[in-house]
Structure formats: C-alpha cells, structure tokens
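You will see two complexes here that share subunit A, one where it goes with subunit B and one where it goes with subunit C.
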Partner chain A sequence: MAAPALSQRAEVAAGSGRRARRRPPRRRDHLVGWLLVTPALVYFLVFLLYPALSALYYSFTDWNLRSDAGWVGLANYADLLFDDVKYPHFWRSVQVTLQYTLLAVPMTLVTALVQALLLNAIRRGANLFRLLLFLPVVTAEAAVGAIWRWLYDPQYGLINSVLGLVGIPGQNWLNTPELVIPALAFIAAWQCGISMIIYLAGLKGIPGTIQEAAIIDGAGPWQRFWRVTFPMLRPTTFYLLVTGVIAALQVFGLVYVIFSGNGRSVTGGPEQSGLTYVLHLYLFAFRYDAMGAACAMSFILLVFIVIVTALQFRFVKQEAS
Partner chain B sequence: MSRGLLTGALAVVLMAGTGACGGGGAGSGGGKELTFWMYQDRTPQAGQVIEKVRKDFEQANPGVTVKLVKIPKDDYNTKLGSAVASKSAPDAGILDQPLVSKYALDGTIKEVPAGLIDEADYYKGALDTNRANGKLYGLPQDQTTVALFYNKKLVPTPPKTWDELKAAAERVHAADANVAGMNVPKGDGYGAWMFPGVVHGAGGQMVDDAAKKVLFDQPPAVEALQLWVDLLKSSPRKITDSDKPFENGLAAMTISGPWDVPTIHEQFPDLDFGVAPLPYKSEPAGNIGGEDSVVFSTSKNPDLAWKWLAFLANATNNGAIADAFGGFPVHLKAQVVAGGPEQAAFLEQLKVAHARPAVPQWIQVNDEIIAPAIESALTGKATAQQALTDAAAKTRTLLGWNG
Partner chain C sequence: MRRAAKASIYVALVLLAAVSVVPFLWMLATSVKHGQDIYTKVPNLLPVDKKTGEWAATLGNYDYVLGVGGLGRAFVNSVWVCAILVPAKLLVDALAAYAFARIPFPGRDKLFVIMLGGMMVPAITLLVPRIHVTQALGMFDSGWGLIVPNVASVLDIFLLRQFFLSLPGELEEAALIDGAGRMQIFWRIVLPLSKPVLAVVTITSFLFHWNDLVWPLVVTNDPELYTLPLALQQLVASPDGGRAYYIMAGATLAVLPVIGVLLVFQRRILQGIAFTGLKG
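This part shows the complex of A and B:
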C-alpha cells in the first residue's frame, strides 16, 4: 500500500517542478544564478584564463619580468628546440620527464591496484589501513622529500640496510644518474593513495553476482582477477592512466625538494638526471631571468599533453567488458 | 550587473594582492616615508639591532620614517621581481649579488651618486659585487666567504697549499677506508659557485668581464678542477654523499661558510673542528658572498634612500648591521662583532676574496655550463681540460664574446 502512495507523491512533486520550470524566468533568478557562479567565474578568469593568455603572449617575447617585453615572434620556440647553447639541457629535460612518466605511471597503477585489492579483501581494520596508505598523499612535500633523502642515504639509509640483509650491495641512489629516475618513480608509487581510493571505489562497483557466477563456473582467484575484476576495472584504469600521465609530465615539487636540499643545488641532480621538464622551466622563469622562454616551454608542454591525451583516448580500451 | 560584480571582485583581489606584497610608494602626511625591503631577521637580536639603527636614522633625519619590510629569503627574489614588474618596487632594498648587474643593465636600479661614500673605506671584493660596466650600482652591507673546515682529530694541522691538502686527504683515507679525506664540491650550482675561489688560488680568474674574455679554459682553472678530480681518489662519493658527512665524522675536511659554525656547535657538540683559509696553489684567494643593497629607479626619494643605505654601511653601524645580517663588515673601519675562534680564518679569507664576474647571465653560465663541466670531469667522462675547453666555447657563444 505504501509503495504506490510514495510514487504518487513523487509524481506530484515532479509535476509541480515541471510547472515551476515553465514559468518565465524572473530577473531575481538571474541575479541569484550570477551570484552563485561569480566566485568560480572570477577565479577562472583572473587566475586561470588571464594568466594563460598572458603567458601565450609572453611566449612570443623576450621578457625578464622587469623590463618591457620585446616581441621576438617564434624565436623562443625555435631556440628551445634547436639552440643547444642557449638551452643545453632542454632535450635532456624532455628525456628525463618521459623516462619518469613511463616508469612512474605503471608503478603507481600497479601499487594502487594491489593496495586496493588487499583493502577490499580484508574485513577488519580496513579504515585504519586505508588511512595509513593514504597518508603519503596528504603529507607535506618538503617533509616527504626530507624523509626520502634519509631513506636513500648511501651510508645510513634504511633502503640500503634492507638490501644489505638480502645480500644486495648498497647503492648511492640519488647521486647515480641511472638510479635517480627509478628512485623518484618509487616515491611516486608510494604516494599512490588517490589512485588507490579510486580503484577501491571501482572494485566496490563490480556486482557481486558476477564474481559469484565466476566461482560457480569454477574460476580460481587468478582467473577471476584476469577475466572478471581487471576487465571490469577498465574505465577506472583508463581514467587513472590519463590523469596519471598528465600529472607525471608536470612533476616538479618532489624533484625540487629532493635536489635542492639546503637551498643549494637546483640544477637537477647528478648530470641533470633529475632535471624534469617543469623544473627546467622553473629555473628559466625564476633563476635565469628568461620568463619569455619559460612561457614558451609551458606551451610546448601543453601541446604535448594534449597530443598524448588524445592518443590515449584513440588507442587505449576504455569500456568495461 | 555581472560586470559590476566582476569589477568589484577584481578590485578586491588586486587590493589584497598589493597589500600582501607590502607595496612601496610615497608616504602620506607631511613627512617622507622610505620603504626598505630586507630578508627576515635571522634572530630576534638581529631584529633589535636593525630597529635601533632605524630609530637613529629617523632621529638624525627629522620628518623621515623608514618602513622595513621583511621577507623570507627563499621568496625574496620572486617577490621582488613581481614588485618590479608591477611597478610597486620599494625605494630601496637588499639585492642578491648576482642580480645587481642584471638589474643595473636593464635600468631597474640607480647608479650610486658621486660622493656618497669614499670607496677607499670599503673592502674591494665586497664593493666590486656592486659593479656593472665598471660603475657602482649599490652598497655592500655585509660580506661572507667560504673556508676550509677540518676535523682536528683527523687533520691536526690544516693544509695551506694544494699539495698539503692532497697529502692530508690521502693520509686520512689510507688510515681508515671508511672515512673520506675531503667532501669534494659537486658539479652543481653550489660547487660551481665555490670553484672560482679555487681558480683564483692558482692565480687565475673565470672571465675578464671588462675585456669580454672567457678565461676558465686556461691553466689555472684546469689545474683547479684537476685538484678536485685528484681529491676524489681519497674521498669516495659513496662516503661523502651521505647526510652531513663532515659533521658525522665521515669526511675529514669540507668547504663551508660561517653560517655553518653555530649549527655544527649546536647539533654536533662533540665534533672537534677548526676553520682555516682555503688552501691555494700560488696565492691565497677565495670568493665572496653577502648582502648588497640598491635604490630602485622608481623611488620617489632616491637621495634619502641612498643616505639610508650609506648609514647602514658606515663605520659606526656596519659592524652591528653586518653581524645581524649574518656576515662580516664591509667597512674597513667598522668594528667586527667578536665571534668564536673560527672567525679569524674567515676574516683572513675575506681580505683575498674575489667578487664573481659582473655578467648578467652569470647564474645561467654557472648552473647550466660550468656546473655540468665540473661534473663531467669529476665523474671521469672528460678530462678537466676537455670539460673546461668545451664549457668555455659554449660560454663565448652564449655571451657573444667571440672577439
């Protein structure tokens, strides 16, 4: 008896809503609407659109923040790409960033998925473990940098001590060019909390009936993961892949903190092995007084990110199956 | 409507922005106001010293108020750059030494008026950090330098020459393979900043900025770099790349400045160490750091601003001011605030300290060209000569000094 009454009421409510919408809009409504969107609009115009357009303009100028900007056309772009005296480490920074992205994104996804599966499997203490696994994300970047400098310390570092227990000789992690990118990617994988939460939500969204059906069909845990869980998570994986790549291409804070200990060396680690694209950009903007060139760098990055993202949408499978 | 709201919000945002920057500009009322930007006080005592000098100046100049704006050092250059860009620079302020020639050449700061000071009263090295194109664009306020820190247990008498330095490092490492002789500087921005002091120690220089000649591919610089390469044999990176190797007793010697002395005493009270001037090859030498101050072109009271800067740097005030800023006096007659037994070495070093080249792009040359060259020699990827020849050629192209 109760159910039809409820649905009737809902119909009435929906009907009155329709009637209300048919009324001609009043000026007051417009005013309220504008008031509601104004903060977001102002924020967008003042802090995003205006700086972005200015940056585009300045990328065609020779500008040092102080004197008037002089129009140089495409010179900044041409010099960045081809003049290895003016920008000796531009391509190096591109290479470093690509290496980092190719390593950090898969590592992050795998760690996040494994953590999410474990959290999804346990019954007791899930909240506590979720909190612990999420902590690295909300910890201040400077603190994270300092802690990892200790962990990677060649003499006292915990990582070398652990490796020593299983007979692997200690490494000079942050000072050996070949090891810098893996070391940084490892930190990124440790900070995978956000991806982990999103994976967890994805896992909760898989209907239990499908898993049950698979069990009845005699699928083992391994098969269930590869044939059911992983394919069902595909939209989640795709989302994390796209956003992860965009974030990795812009990695800055962590590298800056790790390699500028005591405010000394910001030149990007041994032999520029940690000179990521945005760190390179930052140095030209704020240390070498070349804001125009830095703006050009940011637009090259923007175009690159758009292309990479478009390619992912074109070639990576996104639908659950 | 929407436009009105937008403009209103924009105005609020802009006002908040300038307010946060502590903007400059002329004062109100009858008296004149002078805005001076400086780094945040290192200690509460330092704040009191500056406050006293400020009051003395206001007393000596009735009707004048000096407004001190203190900004954390890490944010200072960025904030100042933004202020200059938005035409809200203060009347005067501290300016990072390598920025002086940049700001001078693009007209952001004023030239020191003739007769403001007697140049003979000041340390030459400190004064030279204010020059661009041979002209003076600022006044030094304090100066500092780096010297050799040595662990007295491992190195009883500090080495004076390069040969003694190498011998001492070898002895230490031979006695204990887990201890490095010296924490050899790296091929990074900081190492490249210290490098010229060593080059001067062999009688050379990095560049001749007046003649527009790059000189760091000449024998003195090559020998200086070779010294660092040689030292690495008795000072493995695996040991010195650890956190605070000198403080933890893992490296017998290191190069650092007076700012490290109180920190070491506080955090490593058991470390028995001394400070000596940098070892040299043919003549004692070192490099210089510290604070300079300048007057901005947009100042409404430039004469008054210069008077204030000269007041900070005069014989009476400079001793206390320099100590408050964390360095040593720049005025030859100023009283040095007494410090620990380490002080003598730094003062000795300052007498022979050289300013870095007055080239506007010097930070870029330092970081992007010289640092990698040092690193490639230290890692054995190139000889010292090859690395510096290559770097010098790049520098000539970048600066357009091919004559």
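This part shows the complex of A and C:
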C-alpha cells in the first residue's frame, strides 16, 4: 500500500521540477493567513488604533471618566498653553522635562560610549564587566526609585557619605529644587546599559583594517577616536539620540516613585522641580479626572516629539551633505 | 606604556562597575539590617550592631513587607500575570508574524505597514483611552485588565517576522509537498527553528512586564491586584516610606528574580538588546 503512494509523490515532484508544490488551494491560504493575524489585528484595533483616534477626539472634549464627553473644540489646548490659572504648572512641567532631556540624554550617551570603548579595548573579563554595567537597566523603575531615594538620603545616604570622604559637603538632593534634575539625570546615566550594548555592537561593526590603516598613517589614539571611530559610530549615535530624546521626554515612573513618598500626594518635588510633563499629565488624568485635557497634553507631546525628531533628521542630513 | 594603558582601562572599568553594582549591595545590606543599625555616620555594608559591632543580620524586614506590607501577595500576582501574559503574547505575536512572513494573503503587506505605523504613537498618548476601553470591556480593576490589554506587541511581531523571513523556504515547501498543513509547519518546523529569537522575545517581554509600573498603576485600584512594582511604589508612598530597611527589602524582592534571569540568559539578553533596543 505504501509503495504506490510513495512513487506517486515522487512522480509529482519529478514531473514539475523543484518548484512543484502541492500547495493547499490559494483561497485556503488566504483564510489561514487572516486567521493567524486575527488575534493580533483585534488587539491592534482595540488597544492601539481605537485609543489613538479616540485620544484625539477626547482632546477636544471636557471628558472625565464618569460623564459623557462634551465637545469644547480647541479649549483644552488653549487653556493648557495660555491659561495659567487653570493649569498653573503646565509650563513648569515643560521646562522641567526639557531641562531633564538636555541633561540626561548627553550624560547617558557619553557614559555609554565611554563604557563601550573601555569594554571594547579589553579581552579578559569583558563579559563580567558588561554584565555588571548592564545590571541597572533590567531593574524595575519602582525599585530604582526606591534605591536612589535611599542613596540620596541627606543624612544617611551613601552618596553624601562618599562625597564626605573627598571633602564635598552633603546635599539634600531630592529636596533642593536646583539639584533635582541633575540627581535624576545621574540615575539615567547610571542606567545607560542599553545604549552601552548598542554602542558596543557598533564598535564591533567597525572593520579592524580601518583602524590599522589609521595606525600606519601615524594617528594617535585620540586622533583615531575623533577621526575614525566616532564618525563611524555616527548612525549609532543618531539612533540613540533620537530614541533617547523620545524616552526622556516621557520620563514618568521614576519621578512618580521618588516624589510620592511619605504619604503625601504627588506634587512633583520641591517647587515642582521634578514635575515632568508626563507626571503632570498623569495627575490631571487620574487625580483631577481631567481626561480631555490629559488627552490634549498627550497630543501636544506627540506633536513636539514629531517636530524634534524631524529636526534631528534634518540636522543630520545637512551635516552629511 | 602599553601595560600602563591596559591597567588604567581596568581601573576605569572597576570604578564604573562599582558605581553600577554598589547601589544593589547597599540595598541588600540595608534590607537585612535592624532599623536602628542603618542610621550610621560611617556607611557600613555589613549588617552589624551599631553599638557593639557584632553581626546582626535579620530577615525580619522581609517578614514584614511580605506580610503586612502586601508584597507577598503582589509577588504572587506578578508571577501569575507574567506566567499567563508572556506565553499568550508570544503565541499571538508568533502566529501573526508567521502569517506576515510566510503566508501570502491579500492586503497582507499594507496591514503590516499600518501596524508598524501604530508603533510610533507614544504609549502615554494611548494610556487614557486604553483605560477607557478596558473599562468598557469590563476588565478594569481585574486580573484580565492586567493581561489582555498587553497581549500583543507590534515590535515583537516585527522581530519575529524578520527572523521567520530568514528561515530557508525549502523546508516549508518540502513539508507542503508532503501534505503538511500550515499549522503543522508552524509548530513542527518554524517554531523549533526559531528558538533563539523566541528566547529573546520571551525574556525581554518578561523583564518588561515584571518591571512595569505604569499600566498596573492606572488599571488597578484594589490592593489585592497590585503587582510587585506597584506594591513597592505604594510601600514607598505609605507612612513606612521613611523606613529604608523595609523599602530595601521590598526592592530586593523586585530585583532578585530579574538578576537571576539576567545571569542565566545573559548572552541571549545582551545579543537581543543589540538589535531590539529592549522595549519602550
């Protein structure tokens, strides 16, 4: 019984060559294809596309979760931007977020690049060091916030103790408005592991022959870095810059944990110095029930992110040409 | 000169690694100290009695946060959420990715591009209406609310699709000739060949959801449902928040499983990061 079936199959295969397929009918393939993407598609429609469109709609309403949404046109946008009685801390949150981004992103990239260059220069122990430097990234932001609140403790924190050893007076980091952003940016740089790994991958991608040629031409290590390595890393740096800025503009979890201590309601730290844009948005959405305004804030942020990203692309293009 | 350069590289790396790791050691040390022993002028990594200098480690802080602090329940919740969410998400994403990579059906490529476009919308923009949808579906403040709204990821579909595209098509064609159905091919050929990328997606998903604070924060009110990061945040915000020994015990509970995963799967994770950029 088995033999005829086998030979039959062989005939089919031999008869029409390698391309021969006994494919299921096309229509069945179509059906299977759609069936397999259906769960993901339903998810996409329900939890991505619909929310995105309804966020835009709600941004023109005075919606809170309990009432029906009433159309108010551009009022939310106008109030956020111009009415500093209704939203007294909106511009403060913009300022805080820009300061944070301008400080945290460069600090993160420089730290990551230094770490990657050092790791790339050694053989022995490279894996261990890479693992240790990566550890802060995989840590939950709730835990990171908790740990750093304790490290920054003005009286008994490790940071002040270590600074004391070199004769620098201790600071009340998280309660001094001017120090809050630098303290947060330092945590971001501490968590630079992902950028470090991506830089490392970029460094591995630079052909050794180019470095050798530079050495033969008599370039010192400093020259080799500025003339060869760093230019070759430009695409990596650009990718990290764009994604880093997008992430920094949305920083939330960490500040939420750090500035929600001791049972006080979240205020965003001393003089709102840690009131980031998304923390401000969160407060209005979930504490003050101003969902419509929160949606408007999220679209202002979206537009801002698009503009900043486009500018970055443009800047890089110009520089390349 | 060369030797001096090498040495200075190692010195720099040791210093940087110390900055990375010491906060965790400090966390661990604080978590096993008695309350009165943590407030010292000179920092001490060892859990010793402040006055007598004798060894005085305690697990009492863990006892407290696991029980009264609510972290025991939260730990169990986090395990449950990840145990259901991560495999479910992997299945949904892999099925879709396979269809996008291998099964020609009308509208496929347009659909894929549209879904990729959805990835560009920042999470915060979606947050408020997502809560609304979750409410409308009757999942708000429930275990389902923690799981279902996260059960697919466009980024993961993209990654899996890229990998599936790289598999040799001959294998599938041979199987099709032998009369295998699409699902058989998916289970018996494609998935077994894709273990590396499946591992990367599984691990990064686990890390992301184990650590996630924002979604549980907005979707749950009932402390019975809190996941570990949220329970830890609540502990920080509670009147206990000033008690570093409790908080550090809680942070240790949140961090240790992740360190375990990192140690076991380090190569996969670090390789994965290089081309995924984790999540976010």
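In this text, the second predicted complex is superposed on the first by the 284 of 321 C-alpha atoms of A that agree within 3 Å, B and C clash if a C-alpha of one lies under 4 Å from a C-alpha of the other, contacts with A are read in each partner's own complex, and residues count from 1 in each chain.
The rule we apply is simple: a residue touches a chain if its C-beta (ideal position, glycine included) is under 8 Å from a C-beta of that chain, and two chains touch if they have at least 3 such contacts.
Just so we're clear, the structure is a prediction, and the values are computed from it rather than from any experiment.
By the touch criterion stated above, A:L283 is placed in contact with subunit B alone, subunit C being left untouched. Touched residues of subunit A, counted separately for subunit B and subunit C, are more numerous for C. In the superposition on chain A, A:L65 contacts both subunit B and subunit C. Of the two partner chains placed by superposition, only subunit C is touched by A:L36; subunit B is not.
By the document's definition of touching, both partners, subunit B and subunit C, reach A:R149. In the superposition on chain A, contact is made by A:L49 with subunit C only, not with subunit B. After overlaying the two complexes on the shared chain, residue contacts for A:K86 are found with subunit B alone; subunit C is out of touch. Contact with subunit B, but none with subunit C, is seen for A:N172 once the two complexes are overlaid on the shared chain. Within the superposed three-chain model, A:F129 lies in touch with subunit C and out of touch with subunit B [touch as defined at top].
Once chain A of one complex is fitted onto chain A of the other, the partner contacts of A:A140 are limited to subunit C, with no touch recorded for subunit B.
Common to the subunit B and subunit C interfaces on subunit A are residues 31, 34, 39, 41, 46, 65, 149-150, 153, 155-156, 263, 286.
By the touch rule above, subunit A contacts subunit C in their complex via residues 9, 12-13, 20-24, 29-34, 36-37, 39-41, 43-44, 46-52, 54-55, 58, 65, 114-115, 118-119, 121-122, 125, 127, 129-143, 145-151, 153, 155-156, 158, 161-162, 190, 194, 197-198, 200-201, 243, 246-247, 250, 252-253, 256-257, 260-263, 278, 281-282, 285-286, 291, 294-295, 298-299, 301-302, 305.
Partner subunit A is touched in their complex by these residues of subunit B: 1-2, 5-6, 9-10, 13, 74, 77-78, 81-82, 84-85, 102-103, 106-108, 186-191, 237-239, 241-243, 245, 248, 250, 360-361, 363-364, 367-369, 371-372, 375-376, 379, 394, 397-398. Those residues of subunit A that touch subunit B in the complex are listed here as 31, 34-35, 38-39, 41-42, 45-46, 64-67, 85-86, 88-89, 149-150, 153-156, 172, 174-175, 263-267, 270-272, 283, 286-290.
Those residues of subunit C that touch subunit A in the shared complex are 6, 9-10, 12-13, 16-17, 19-24, 26-27, 30, 38-43, 92-93, 95-96, 98-100, 103-106, 108, 111, 115, 118, 121-133, 135, 149, 151-152, 154, 157, 173, 176-179, 181-183, 207, 210-214, 217-218, 228-230, 232-233, 236-239, 241-242, 244, 247-248, 250-251, 254-255, 258-259, 261-263, 266, 269-270, 273-275, 277-278, 280.
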